[in-house]
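Just below sit the structures, each encoded as structure tokens.
Heads up, the next two complexes both have chain A, just with different partners, chain B and then chain C.
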Partner chain A sequence: MAAVGLAVMALAHWLSVDYFYFAAYTILQFIVLSTAWNILGGYCGYVNFGTAAFFALGAYSTVFWHKFFPMPIPVLIVLGAVVSGIVGLGMGYLTLRLRGAFFSIATLAMAVVFQTLVVNWDFVGGSRGAYIIHPENSEFAGISVHYIEYLFMLMLALALIALVTARTIERSQLGYGFATIRDDELAAEACGVPTLRLKLIATTLSGAFMGMAGAPFPYYIGYLQPQSAFALDYAVNSIAMPMIGGTQTWVGPLIGAIVLGSAQQYATVTISSAANLLIVGLMLVAFVIIAPNGLLGLFEQIRARKKP
Partner chain B sequence: MDFDFNLLMNAIASGLLLGGFYAAVTAGVSISFGMLDIVNIAHPAFVILGSYIAYYFSASLGVDPILVSIIALPAFYLLGGAIYQVYYLSFERRGQDALRGLAFFFGLLFVTEVTLLLTFGVDYRYVEAPYIGPSLHLGSIELPYRLLIPCVAAMLLYGALEVFVSRSFIGRAIMAVSQDQLALQLMAADPIRIKRIAFGISIATASLAGALLIVIQPVEPSVGRDYIGRVFAICVLGGLGSLPGALIAAFLLGVIESLTSTYYGPSWAPAVSFGVLLLTLAFRPAGLMGR
Partner chain C sequence: MTALLHVDNISKRFGGFVALDGIDLEVEPGERVGLIGPNGSGKSTLVNCICGTLQNETGSVHFDGRTMDGLAAHERTHRGLARSFQLPRPFHSMSLADNLRIPLLYTVHARSGPLRSAADIETRCGELLKMVGLDNKARRRPRDLTQVEMRKLELARAMAAEPKLLIADESMAGLSHSEIEDILTLLKQLSERGITIILIEHIMSAVMSFSQRLAVLVSGKKIADGKPEDVVRDPEVVRAYLGQ
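Let's turn to the complex of A and B:
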């Protein structure tokens, strides 16, 4: 895993095209977001529409601490993770008694409540938004790199951590517990699986990773405002990517994020930036109808048919 | 503190009128989510579609927008039927409707919204009608006609739906499908056909609601997103499967939102409907008049 990461980093540094960093940052960010969503949505079966809330809370916690005094980004990432993790825990307590569609609508509700709170909170800019100016270059282990490359490396590290965590969860006791919740929660509860505790772990982890993805965002984008940070677009992307890639394993969100993220970047540059949401919607609808288990599911089906 | 009775009465009055309109938007979801258990999260997008169709024909032909939407009802009904057919074939038949169906409608929401965006652009569109502008003055209370007429239209819609559901065969079949689908099948009625008709009616109400929306305020494609929460909040608050419940809940929500807007500022208004939703789900998930 680490070897792949280093290889990607070396390739990127050799290419040294700034746009590549910008685009790749977005795709890596979506890898983290969709992996995080999949922990709750794919493993446990609870569809979370409130991705944007955790993401934006991570971003706004960065803005908040930055106003006190600027800190290196890794520290901010950890702080963002803590904030979003706590919010995830709280959200879990409030909403996990609900099932199915009610849970999803409740997550959407929480996202809007948080957005309203931030809009009315003047310290972080409210609806005026907040600016963060970042330095041109950044010192890293003696090598001076463009800031965007620094952000890219951070996000790459974050994505690797997220993927490793997802893979570890999947193969562990925790993962088996999640799978039982997804398949039949009542039966799991009857067998003695501590479903509430597991679900709370899932929401906390999921929220924490989304917050981590959000923490460097103000530095990347320079100007943060609630309307775009809390947008429903993040929710649809973080649902579409695991569904397209396959929700059962850790590889699914990765594939989905790369495929859909690249398609979106390509469409943004060539057609128009509004078209990329159309692509997300169409691909989501198409995949959900045709390939319920995503691309991975399709591969499995093809492989199964080839066997005698 | 100076208690301005006038302000309070006006806030309540406009809240009631707005609530009537919210009820019209919710009627469709009350049928599809309350009775058919289909989480049609894309309903507000269809309402906006209805708004744009009303705008387009009203602006080019000069016809009253509400009249346009009534003429467009059959088209929306057929659209709803088609969508349900796809939904049924892809999800309900395989029993996977929970996660996949939700994702399907979520995707549909974005497809509809972005298609409208690419076709009409982000400019706010509005319609001209003789009743947009003047108000009815009842003493010190002002009732703008552009709010009053949609409210009256919404109540007529509910009256019509209630009569349909309680008197006609198909209406009662829809109630039966929501209570026990297998029993209905044993009674020699095709539940899939009934559900298709019901979902068609649900989307047809979106057409009317869309026209009412564009009478009240200028519309642009992403306006629908505010309504996702309101609509489900009203549905849950009123009790799933109960049309009168949805009507009462809509009035309630309209008044609460209006009072919050007037006394605490409009930036807190979006949190109100969702806050109400969360409280209802926490304390009384069955809603006011639920089963």
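Let's turn to the complex of A and C:
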């Protein structure tokens, strides 16, 4: 996987087109978000509508530290992850006794609460938003690189970390435990699985990765306002991408994010940026009808049919 | 006298409905106890209170010399209490072998430390499936199973946790005569290995041939407890089952 990462990086550097970085950054960001969502939504079966809140908390943690005590972005990413991870743990503690739609509604409500808090907090810009001026170039391993290239490399690293974590979980005892929660919590408890503890691990991990994805965002966008950080796009996309790719393995969110993310970037350039959510909506409806288990499920079905 | 399971004055109500009303029950190590009662008499509620799925309002449960009060269901499983569900609840997205892997990973590991290697777990899953005669379906999913196979999987999964006490909640309901014999043979084998078993069942022939002792619940109260042949002649039990 690291080799693939290096190859993408080399290709990008060789192409050296700024737009490529901007587009690829967005897709990578969605790889992180959808992988993070899938840890709770796909593995454990708890549908989280509050992705935007965790993402925005990561972003606003960066804005806060940028004003309070500036630090390098990698440190800010860790701090964003810590903030969102703690909020994830808290949310889990308060809401995980709810099941199904009730849990989802609670996460949605939480996103609204945090947006209201940020809008009314002047230090981080309130409803006016906050400007983050970043330098033109940045040092990376002793070489001066364009800033967007630096951000792109950071996000690539985050995507790799998220994917490796998801893959490791899937093949571990933790992954089996998560799957029992998705299938039947009562039976899981009867088999000795500490379901509440595992769910808290899942919400914390999931939240932390979303915060990680959000932390570099203010530097990417330059001007952060609550509407863009808490945008509906994040919640919808991070659900749609794993659904389209397949929720049972780490590959699903990756495929979904690449397919849907690329389609959106293409639509933004050729049609209009407003076509984004329309595409997500149409694809989600299509997949729910045609391939409820995502692209991976569809492939498996075709393979099973070929084999008599 | 040291009972393995000691249920003391357990009560449970759902709103205004009293599901359990001061139940006492003692089970000795190695015993085979049958628990019977008409529909809605509180049998499953009692099981749920013993296993920690529901919290009882009064009374306490002692198991293996220690109190179980306040423990979550999974902690009780770690202490050596296993159950099968009335309606089988397999993990649908997993193969049969993986279904049995869960209690091995989470209960046997937690109890005796991570001693088992991946190969050991694999072997143990195979043994358990062989015990219930499902070894040729190890890679299949639960949805491919028949009703009786599903019950066997349920029992195998409870046994995978290596319990001291197994509570089998209506593991024979809806099965044919020969299938009931299958399950009974299986339960008797487990009993011979020294596992204490509480059998909850409607099918009287099965309960009578299996149990050394019989307890009867009616409307949340225990109305009889003793030798099976005495209990079924008890006038109160006859009245509860057949009416006046």
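We adopt the following convention: the second predicted complex is superposed on the first by the 307 of 308 C-alpha atoms of A that agree within 3 Å, B and C clash if a C-alpha of one lies under 4 Å from a C-alpha of the other, contacts with A are read in each partner's own complex, and residues count from 1 in each chain.
The working rule: a contact is a pair of C-beta atoms (placed from the backbone, for glycine too) under 8 Å apart; a residue touches a chain by one contact, two chains touch by 3 or more.
Remember, predicted model here, so these are calculated numbers, not experimental data.
Have a look at chain B and chain C on chain A after the superposition and call it: clash or fit.
They fit side by side.
Check whether A:P70 is in contact with chain B, with chain C, with both or with neither, and answer first, second, both or neither.
Neither partner.
Which partner does A:G222 contact after superposing on A: first (chain B), second (chain C), both, neither?
After superposition on chain A, A:G222 lies in contact with neither partner.
Figure out whether A:L186 sits in contact with chain B (first) or chain C (second), or with both, or with neither.
In the superposition, A:L186 contacts chain C only.
Given the touch rule stated above, what does A:Y176 touch, chain B (first), chain C (second), both, or neither?
second
Using the superposed model, give me the angle at chain A's CA centre between the CA centres of chain B and chain C, as a multiple of 10 °.
Taking chain A as the apex, chain B and chain C sit 80 degrees apart.
Where does A:N120 make contact in the superposed view: on chain B (first), on chain C (second), on both, or on neither?
A:N120 sits against chain B, while chain C stays out of touch.
On the A-aligned overlay, A:P194 touches which partner chain: chain B = first, chain C = second, or both, or neither?
The answer is second: A:P194 touches chain C but not chain B.
With the two complexes superposed on chain A, say which partner A:S104 touches: chain B (first), chain C (second), both, or neither.
The answer is first: A:S104 touches chain B but not chain C.
Which partner does A:V47 reach: the first (chain B), the second (chain C), both, or neither?
first
Once you lay one complex on the other using chain A, what is the shortest C-alpha distance from chain B to chain C, in Å?
It is 11 Å, taken between the nearest C-alpha atoms.
Within their complex, state which residues of chain C touch chain A.
Those residues of chain C that touch chain A are 51-53, 72-75, 77-78, 82-83, 85, 89-94, 98, 101-103, 105-107, 109-110, 157-158, 160-161.
So in the complex, the part of chain B that touches chain A is made up of which residues?
Residues in contact with chain A: 33, 39, 86, 90, 94, 96, 98-100, 102-104, 106-111, 113-115, 117-118, 225, 228-229, 232-233, 236, 265, 267-268, 270-271, 274-275, 277-278, 281-282, 285.
Hey, which residues of chain A end up touching chain C in the complex?
Contacts found on chain A: 173, 176-177, 179-180, 182-184, 186-196, 248.
Over in the complex, which chain A residues touch chain B? Could you list them?
41, 45, 47, 49, 94-95, 98, 100-102, 104-106, 108-110, 112-113, 115-117, 119-120, 127, 232, 235-236, 239-240, 243, 272, 274-275, 277-278, 280-285, 288-289, 292
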